[in-house]
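Structures are listed in the sections that come next.
Note that chain A is present in both complexes that follow, paired respectively with chain B and with chain C.
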Partner chain A sequence: MTTAIRPYQAVFRARFNLLLQYRAAALAGFGTQCWWGAIKIMVLAAFFRGAGSTPMTLKQAIDYIWLAQALLTLLPWSVDPDVARMVRSGDVGYDRLRPLDTYGFWYARAVARRTATPLLRAIPMVLTAGVVLPVLGASDWALSPPAGWNAALLFTVSLVLVVALAAAVATLMEIITVAALSERGVNMIMGGVIIVFSGNLVPLPLLPDWLQPFLQLQPLAGLLDTPLRIYSAHLVGAAAVTALVRQVLWVLVLVGIGRVAMARVMARLQAQGG
Partner chain B sequence: MTASDIVVDSLTKSFHISERRAGALGAAVGLFQRRRRTIQALKGISFRLADGELLGLIGPNGAGKSTTIKILCGILEPTAGHCQVGGLVPWRERIRHVARIGAVFGQRTQLWWDLPVIESFELLRDIYRVPPDRYRTTIGALIAMLDIERLLDTPVRQLSLGQRMRCEIAAALLHEPRVLFLDEPTIGLDAVAKLAVRDFVKTLNRERGVTVILTTHDMHDVEALAERVIVIGNGSILADGSLSALRRGALAERRLLVHFAHDVERTEIPGATIRRWEGKGEGEGRSAELSFDPRVTSAHGLIAYITSKFDVEDVHLDEPPIEEVIARFYALHAIDG
Partner chain C sequence: MNALRLYGRYVAVSWRAQMQYPGAFIATSIGAFGATVVDFIAIWALFARFRQIEGWRFHEIALFYGVVSVAFAVADALTRGFDIFGPQFVKTGDFDRLLVRPRSTVLQLMGYELRATRIGRLAQGMIAWGVGMHFSGIDWTWNAWATLLFAVAGGAALFCGILVLQATLAFWTVESLEIANTLTYGGVEAAQYPLDVYARWFRNFLIFVVPLGCVTYFPVAAALGRADRTGLPEWLLPLTPVFGFLFLAVALRVWRFGVRRYTSTGS
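And then the complex of A and B:
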């Protein structure tokens, strides 16, 4: 068993270590994310003041937004630029020379990107929103701790599932990139779709009621909305467990689709050049 | 059948290329109607290769050399035909197959661009599941043979092309493959680096018995390395044999360079064609270059005739350079070089 997963662990470790080096990008990203988080919270606060009954409390919405900002890079809203470059140059053929299941290989690489980069970004964001803001006296606008031990535990489980789901979506996007020979189409479509349907743009509970059944069933809710609502106890008990099961199911479905798609794309791979 | 016996039988591969009409209107039309063109990259290629052979695959750009190699490596699936490497069908039993082969594509890199060389090696060690003690022995030997000790801690992007190529070759051999595919391994290298690569490949083949399939545009690679050459043109095999057989078939002529002791007038020589005649001048300038067909004219008869007619200082018998032979070969088969 250990020798079976050793190559995939190695791929993960190499990519993870490499991505941890991009500290300057993380710092710049951190600044932008703080700024956007603050703007979103001010806009929401204005709306909440005017509204009668709201689908979630302002406190829950503020937690939702800070966490969404902290976990921004967990969302697979664009194709890994290194993979895109490999597809264009044809180096992607080298991946087929490795005695590995190519899907597993790419999935391991995607998991690395969905953990290393978010780790660099999330820690300063959470510290700023959860510690610095209260110290500065802005407790009303700060990120609160999880709603309880139960919420904290379920949130952690859900977060692990987010990584699994995000890597599955990212790998699927990479496969489409190989089929299309360019990442631009995928990025253009998926960028917008993921930001809206994961809840990053506006918390999903704030979208119209008639959309809710669909929003909760679609796979992208499991990328962000599910753990964030569990965190602030907007989703509790059986509903929370159901949401976790839904995340698991979507991981299985998307990995399945990805594997089938990859087999098809690789079978009709056309390497460039004579 | 030994582990690296290679059998290729009537392999064909066709690609579909979508074409777009020129201009903005053409792009708009292309949204609704695509023109597809089929290109026959391989039109039935067959050959066999025994364990430990060194084969040179040559041919002009777009002839099908790389396609053949990619099929043998398991990267591409052929449209029709059959092939086996050591008893495995590359694209059907890809994972088992690729564990036993190594490949270097001269224009690509398999090293991780941002990582120091040694980390790429260690990653490959884990990917190929090479046992640690085995790895230490292999890497030690490769480092010594390819002289890459000093490069190990350098990130790949900072290496020169020649340094990188040596590391690429080492990377392809960490798992001790029985077959090595080299697709233009000397492309862009300077003379010294080329010689180093050639020497290494020769040693690997002769002393370790690794089967090597090599494509190249550099005929000196072929001359230095390959006992057997397959010429591919327009997706078919045009010739399969030794380099000297290819020479006999395409451009059998020999050349005789004559240095005269004194000025001589240009004179027709029976049985030979004059390529150049500078019979007057000083020293080296007083010379002539003749070509003749050894099947018609004997070299010693020609030399005897010339020395009897002129005051000759020196003669030098030579064959046309291999590039010329290949160019002639392409011309005979009407393919574009």
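And then the complex of A and C:
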């Protein structure tokens, strides 16, 4: 068992350490996220001031926005540039020569990409929004603690599932890149799709009511919306557990699709370069 | 050859270069359109839920958004050379080549590329603008048009100024700093809503430090007949985009200072 997973562990660790190097980029990104979060919260607060009943409270919406900013780099916005380069240069052929399951190899790499950078970005953001803001006297705008021990526990489980789901989506995007020989089209489409359907653009519960049944069923809700609503007790009890099950199901479905697609694409792989 | 004709030459060359790949041009433009239309979806969705924001209606926000988007699209298309100045010119030492030519560095960087694909953002902004005007039910006079067009010009100047400052920073940091995005893309995000929805400190920042409010909020509010919301005399509002040009002038001053203390990194 241990020898079987060791190569995947090694891929993960090497990747993780590499990604931790980009500290300056993380700092710039952190500034950008604070700024963006502040604007979004001020605008939402202004909308809420004139509203009657709303599908979520302002407090819940504020938590949602800060956490969405904190988890920004967790989402599969674009194809791993290294994979894009491999496809362009034909080096993707080398990955086929390794005595490993290519899907598992790529999936492990995608998981690493979704844990190292996001960790660096999330911690300062959570500390700023959750600790510094209340100290400065802006508690109304701050990130509150989880709604309870139950919420905290389910939130943690959901976050792990987010990583699994995000890596499955990312691997699928990489497989499409191999088939299309270019990452451009995938990046162009997925950026917009993810920002809308994960809840990063506007918290999903605030989107029109007639869209809600669809929004909750589609896979990308599990990338952001599910853990964030559990965190602030917008999703509790059976509804929260159902949402977690839905995350698991989508991970299984997308990994399954990814495996089938990879087998098909790799069967007629054209390696570029020369 | 005078500067304007030379710039025309630059533009023609850049256009021809980009039209070598018409398919890529069309695809990238459509992609830019799609990526920016997401912002407008957010506005639409929030208004579908809340109906109004502090008494402002959907069509008014659409006009704010349209004006600031068009202004940024114009600036973004013009200033590609400044945008990638750090990695493309400072890091490589290529800026030395610009310095030995008998033309101003600003002209040469402006001429580096006219980004035609920004037509995607431009089109998107114009649609929002049209939506805003159409549903306002206002009889648009020449005066109001002039106010809006001056706002776009001032806004484009302001965004150009921000990009020039971003490039100037590269003299010290070598790399381009992503943080300037907070003022360009983040500026578009902030200026699409009227300033009176924001907290006081943020409002003051957007008027006195980076005068985004002067190039969009004041003139557009005047054009919409909502001058009362701004707390300023009505005759003053259409004139405030002047501060966009002033910001650009200051930015170019700082740029000249940066150029003077530039030391080459090339080998």
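The criterion applied here is as follows: the second predicted complex is superposed on the first by the 272 of 274 C-alpha atoms of A that agree within 3 Å, B and C clash if a C-alpha of one lies under 4 Å from a C-alpha of the other, contacts with A are read in each partner's own complex, and residues count from 1 in each chain.
Methods note: a residue touches a chain if its C-beta (ideal position, glycine included) is under 8 Å from a C-beta of that chain, and two chains touch if they have at least 3 such contacts.
The shown structure was predicted, so the numbers you read here are calculated from the model rather than taken from an experiment.
With chain A as the common reference, chain B sits beside chain C without any clash. Once chain A of one complex is fitted onto chain A of the other, the partner contacts of A:Val135 are absent, as it touches neither chain B nor chain C. When the two structures are aligned on the shared chain, A:Thr3 is found in touch with chain B, with no touch to chain C. In the superposition on chain A, A:Ala238 makes contact with neither chain B nor chain C.
Shared-chain residue A:Leu100: touches chain B; no touch with chain C. Residue contacts after overlaying the shared chain place A:Arg49 against chain C, while chain B stays out of touching range. Contact with chain C, but none with chain B, is seen for A:Pro208 once the two complexes are overlaid on the shared chain. Between chain B and chain C, C contacts the larger number of chain A residues. The three-chain arrangement built by superposing both structures on chain A places chain B and chain C 90° apart around the Cα centre of chain A, to the nearest 10.
Superposing the two structures on chain A brings chain B to within 5 Å of chain C, judged by their nearest Cα atoms. Chain B contributes residues 15-16, 41, 61-67, 70, 73-77, 94-96, 98-99, 101, 103, 105, 108-110, 112, 114-115, 119, 122-123, 126-129 to its touches with chain A in the complex. Note for the complex: chain C touches chain A at residues 27, 31, 34-35, 37-38, 41-42, 45-46, 48-55, 175, 177-179, 181-182, 186, 189-190, 193, 197-199, 202. Considering their complex, residues 3, 6-7, 9-11, 14, 18, 21, 89-91, 93-94, 96-101, 267-271, 273-274 of chain A touch chain B.
The part of chain A that touches chain C in the complex is made up of residues 24-25, 28-29, 31-32, 35-36, 38-39, 42-44, 46-51, 54-55, 184-185, 188-189, 191-192, 195-196, 201-202, 206-208.
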